[in-house]
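Input: structures, listed below.
Shared between the two complexes below is subunit A, which has subunit B as its partner in the first and subunit C in the second.
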Partner chain A sequence: MAIAFPVRLGAAENTLIEQLKSVGADATAERITVAGLPTRRVEAYHYTDLKLLLKAIPPLAQAANEASAPALRIAGAYQLMIANGMIQSHATAPAGVIVGKAAGTALSTRDDVLVHLNGAFARQSLTLTLENSVDTVIQIDRRIEGLAAHAADSVKIFVADGASATIIETFSGSDAAHVGNHATYVALGKDARLTHITVDLSARAVSHFATNEYHVGEGANLRTLVVHAGAGLARTHVFPRYEGTGAHGDITGLNLVSDGQHADITMDALHAVPHTTSQPLFKSIARGRGKSIVQGKLVVARDAQKTDAKFMHQGLMLSDEAEILSKPELEIYADDVVCGHGSTCGKLDEDSMFYLMSRGIPKEEAETMMVRGFLDELVDPIEDEALAEALHGVIDGWLLGK
Partner chain B sequence: MANYDDIPTLKENIDRATVDSVRSLDVDKYKYGFETIIESDMAPKGLSEDTVRFISAKKNEPQWMLDWRLEAYARFLTLSEPTWAKVHYPAIDLQDMYYYAAPKSTPAPTSLDEVDPALLAMYDKLGIPLREREILAGVERPNVAVDAVMDSVSVVTTFREELSKVGIIFCSISEAIREYPEMIQKYLASVVPVSDNYYATLNSAVFTDGSFVYIPKGVRCPMELSTYFRINEKKTGQFERTLIIAEADSYVSYLEGCTAPMRDESQLHAAVVELVAMDNAEIKYSTVQNWYPGDKDGKGGIYNFVTKRGDCRGANSKISWTQVETGSAITWKYPSCILRGDGSRGEFYSIAISNGRQQVDSGTKMIHLGKNTSSRIIAKGIAAGFSDNTYRGQVSAHAKATNARNFTQCDSLLIGDKCGAHTVPYIESRNGTAVFEHEATTSKISDDQMFYCQQRGLSEEDAVALIVNGFVRDVLQHLPMEFMVETQKLIAISLEGSVG
Partner chain C sequence: MTTPILEIRNLHARIEDREILKGVNLIIPAGEVHAIMGRNGSGKSTLSYVLAGKDDYEVTEGEILLNGESILEMEPNERAAAGVFLAFQYPIEIPGVATMTFLKAAMNAQRKARGEAELLTPEFMRLVKEAGTQLQVDTAMLKRPLNVGFSGGEKKRAEIMQMALLKPALCVLDETDSGLDIDALQVVSKGVNALRSDSRSMLVITHYQRLLNHIVPDVVHVFSDGRIVESGDKDLALQLEAKGYADFDGAAA
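Presenting the complex of A and B:
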């Protein structure tokens, strides 16, 4: 019996409505007009109130005519680039990789404002088909360049039956106050294996939004890692769906937040069929007045017996003013399952610090060592050495870049 | 007329009744579902400003109380029903119920002899000891002071004189409004503000009765205090209001029980309970909630929308909530602690059992505001039949809550494949020195455990009851003795027929 109060629209919402109308997305425009951007009353946005946080929307992105330096170089990786929503020319793909292009967004329709906006604004999707085992790491370099722009882009990845690959997507660009809305759709065929990493290295002025949708097939094995280490406001919404018997997912994520930053990883996982497993693991490190949010929901469908899922979130506070907020959720409709979640939060262990310092290690170095140790669990499972090294570089860069 | 000196004790009666219902499997398991025919004085049907005035007049309330209620009613009109809980029910028609129903009897009975015998017989049947006895059947047992509330009025409060000797006030809230207005004005709505939420605001406007407890400084309450709530009339809503104040260095343990007749239509129960603990005071609040849960198809049953909150106002104060939730068609209840005083401590122990078409959305909030505050949450949810059982909780540490500590464990057990168990914790740390730990698991009773028990000669149902009792033991041990035995039996009853 919710009484609908007329929503007062802010500057950001009005700009969005105009932009939506200019691309003919009247239904989405209507939706924003009626409901506005999601507030904390919308559960998925409980800690990331877009109505409050998004003050302004820059003009829609035009084709980029300049390029900043790549944010992350991975030795030996095959490079693809999307700038301001447009797919750029690329070198010949390694054997087993087919690169293509499709119109519109790759995401499935769902009741989520950012998904609707991506659907309205993403003009094309980069498509990647992996036909067999690909050893070369594939890097998709997604940029927003030039003056402040509102850009949407989309990637569709299909890993064929029995194929395997490692893909890293990086988000960066110029220092302007962009709003980026990025989409990735991933489908894994029977017994396929994929490591999929997304790293936000945008400038502090940027608002970064990403939606990652995963469909994990029979016997397939998915490992993902989301790293937020750039934008002032970052949110990645991950939707893994375990659709075939024996499907497994290691969905992981890391929020590295400094003073004034707000990073949010939200996972909505669905175990749709019997005998699927997942081990989501998320970590938060916050310093200054940084704010890290991790929400993770595990839904086990009515007949998905023998599901084994364990969600874990660990937060580390490096300052007294930091905030770490988490909401792990279980929604379980099958009785023969083992599901759990844990969430802990605290500061660095004083005993361990004392141990290191009593052995002559300076405080800062001891702290760095412990943080590295805390994060090894996320980086260690990544097999490609050059890639793991690049990720360690991102973490060290954050640790040293106070 | 029955001899009231022979009223069986709570424990004994329940033992016998439990055994009976366990034996007769075909009979509906809810044994408090009878209706007592007592002539009642009712308010006109529906909710309006006149209803609020009617209730206030019936209670002979002073003008300030009426004004307070009217203000709450005005606020209520601006609010809409919350929809975030994981419960589904047809819209409640607030105009199609009575807000006041009182058994007609002598205006103010001074002794039990003046109370309607039919009423006493009802409490007799429920096993509530209204006679003040010290010794029963040669066995000395601790006394329990009872405030019995039926529909909208408090029928009787026992042991008042003995309690007043040590300065404790234990009476109905209506009486307290007349006798101790300065205390009510100071504390009422100081923990749950008038417009805290939809149901609390409705309660503020139309609350009818409940208990008032005041424990003076340094007093350890010599006996357990309890309130027994009974809904009897058709189409009435019960809006109880309880206020407990524990002054510095005091201690009180308070029990609450509730039942209602079996009816096809659902009835609304919207209570507000406020606890205030000053320096070093401790309040232990235990509930066995056994409202009528509706029949196996989900017809009828009580809608239980309750706001319970404790304020650890003083340094090193402690509030502990223990609840056993087995009844109600819908439970919407989050007994919470505001840990304001430095070094204060909040505890929440809960067992929520749902069967049939029951829907439970329950949990707690631990709001850490003071330094060195700690809290502990242990919640066990058991879902059977077609029910949904949700734990929803919040733990938050304010920026000034240095060294806040929390440990949370919530486990769910599913019995059958048509039910659901859900966990929704909000964990908010805004202080670097806060340490929070949260764990949750969901599982079913393993075949190995069942095999082990059955191999040793236990029936399937006994085995389930045994395993479940083990599962909830962490919570049970925090219940006062009076409740422990009853609760163990309740668990067996609620789960009966859910095996397989």
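Presenting the complex of A and C:
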């Protein structure tokens, strides 16, 4: 007979329980009381043990009074802002874009503590409906401002049949020890196309958590890119669901970690119907004692014959002390599929570095050129030039900001 | 006497625990072209890498002076800006770095290091086009990643094209002729000869006397077991071709 010992709760958990009770989320409070925050024994949190890593939770966020400078400017983009969980007023939307608000989180319920917490704390969701081809890049600028705060926010995006758009979400704010819990729910209609980029540019003291849920319809085409380039602790959980014949996803991500940083991208993909394809491609660059984690799970449902999916993770170590961890997982219930995974990890090629330097290019610049080359596959497919340039700026900035 | 462009004094270098250069002495006055010939594995490429500053090698003794100043403490990029250029025996393929981006970065980095203004794009394009035409490197090649998918001969032509663009004081050519067909040998030799000048010196490493009919050297050195064992005029290359190395380095052929 198994005897269940109650878990010993830490300061972070106790604060969370109090905060949950204060907003009336008793069920979630009860879950945490019983189970605590997930540890390495929970598969999806194997390398990001929240019980160990989350030492404290700051007070729940209040409305923000001041805003810091935008973390990333994209020329010509249409801007929306959420500060400390609250949607800010915005300019008139471009043609084909409907901006609105809905109560509560946009995420579907699932057995995941960060999803539950978002459900409890996100008061409203910014909703975006894209009705046709929208050429203007849409930027959702999410901030946590002021003193250290625990903030939750949420965005819901619907791309109508045949519509297309490019959306970039940026996460930033003041440099206090915030805990951010961010949610994005995306649904793509028939033959819709979407490029969805999320870039964490938070301060080092921040713990950044994001959950991105995607529903990809018939013939729809999704490209995503998660970039972690800010918070000391960053984790994005990506849930793509391929739900219509011909649905395709290029799910990509990039962890840029320096000394003392911990970044985790965990993908949990479901190919639910026949004839869907995906190409998850993740890259990690780590220096100092930085730690990068990429987990990729591909689940193929029993009916989902002819699924074609391959998970790939490539790591680049810029120091000997850095850690790059990779965990692929295949769970395949159909018998006629092409699925696979691969991962590589290495250093910058010394002969290449010498060649570039022997032509007069200084070491840092040569490194930047090589790293840009390594990352081309992620940035090249982004068609909007201003956006691609902004992303190169993020990468170059990280490289130079040792 | 004017300062030579290159002066190497009693140079010893090793990789891991193995000594490869065992006391190289060499002076190349401004305007001269010197050839080095020697057996496989005698250390010729090692000498070229040590000149360019590859950090796999440890210099244990000796000195390298460029225009009278030691370059041993300089990084490879600093040596390049000071005027050293190595045309590699095996040019490196770098996927992900576009050839044009690379050329521009290299030219501008050197200009910057020398305190000169950056090249503007139209001027850069003009120079690249000019050098490309001269060395028959077509624009399709320049659009590819650096050296990726270039044939052996194309890589060598691209090296000399870079040399033409960077206008170094000291050109080190490591077996630039190997892998070239007869026509390409003409093109490359012409490119190299066009760069000969009173203020520039060249060190041409080769196995074949044939190259030296095209790029006529002032001095030929025989390299053996990590040092120069014999020096002479261009006829030395003919003697070597006729007799082999054994007469010069005493080792069995």
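Assume the second predicted complex is superposed on the first by the 398 of 402 C-alpha atoms of A that agree within 3 Å, B and C clash if a C-alpha of one lies under 4 Å from a C-alpha of the other, contacts with A are read in each partner's own complex, and residues count from 1 in each chain.
As a convention for this text, a residue touches a chain if its C-beta (ideal position, glycine included) is under 8 Å from a C-beta of that chain, and two chains touch if they have at least 3 such contacts.
Please read all numbers here as calculations on a predicted model, not as lab measurements.
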Please name the chain, subunit B or subunit C, that touches the greater number of residues in subunit A.
B
Just checking: does A:Met369 make contact with subunit B only, subunit C only, both, or neither of them? Give me first, second, both or neither.
second
Counting only touches as set out at the top, which of subunit B and subunit C does A:Ser352 meet: first, second, both, neither?
second
Identify the partner contact of A:Glu323: answer first if only subunit B is touched, second if only subunit C is, both if each is, neither if none is.
first
Who does A:Ser343 touch here: subunit B (first), subunit C (second), both, or neither?
first
With both complexes superposed on chain A, which partner does A:Lys101 reach: first (subunit B), second (subunit C), both or neither?
neither
First (subunit B), second (subunit C), both or neither touched by A:Gly360
second
Where subunit A meets both subunit C and subunit B, residue numbers
none
Which bits of subunit B are touching subunit A when the two form their complex?
80-81, 83-84, 91, 399, 412, 414-417, 419-444
In their complex, what parts of subunit A are in touch with subunit B?
1-3, 41, 43, 46, 302-303, 305, 315, 317-347
Per the touch rule, the subunit C residues reaching subunit A in their complex are 52-56, 75-77, 79-81, 84-86, 88, 91-92, 94-97, 101-102, 105-107, 109-110, 113, 145, 162, 166
Spell out the residues on subunit A that touch subunit C in their complex, using ranges where they run on.
349-352, 354-363, 365-366, 369-370, 372-374, 376
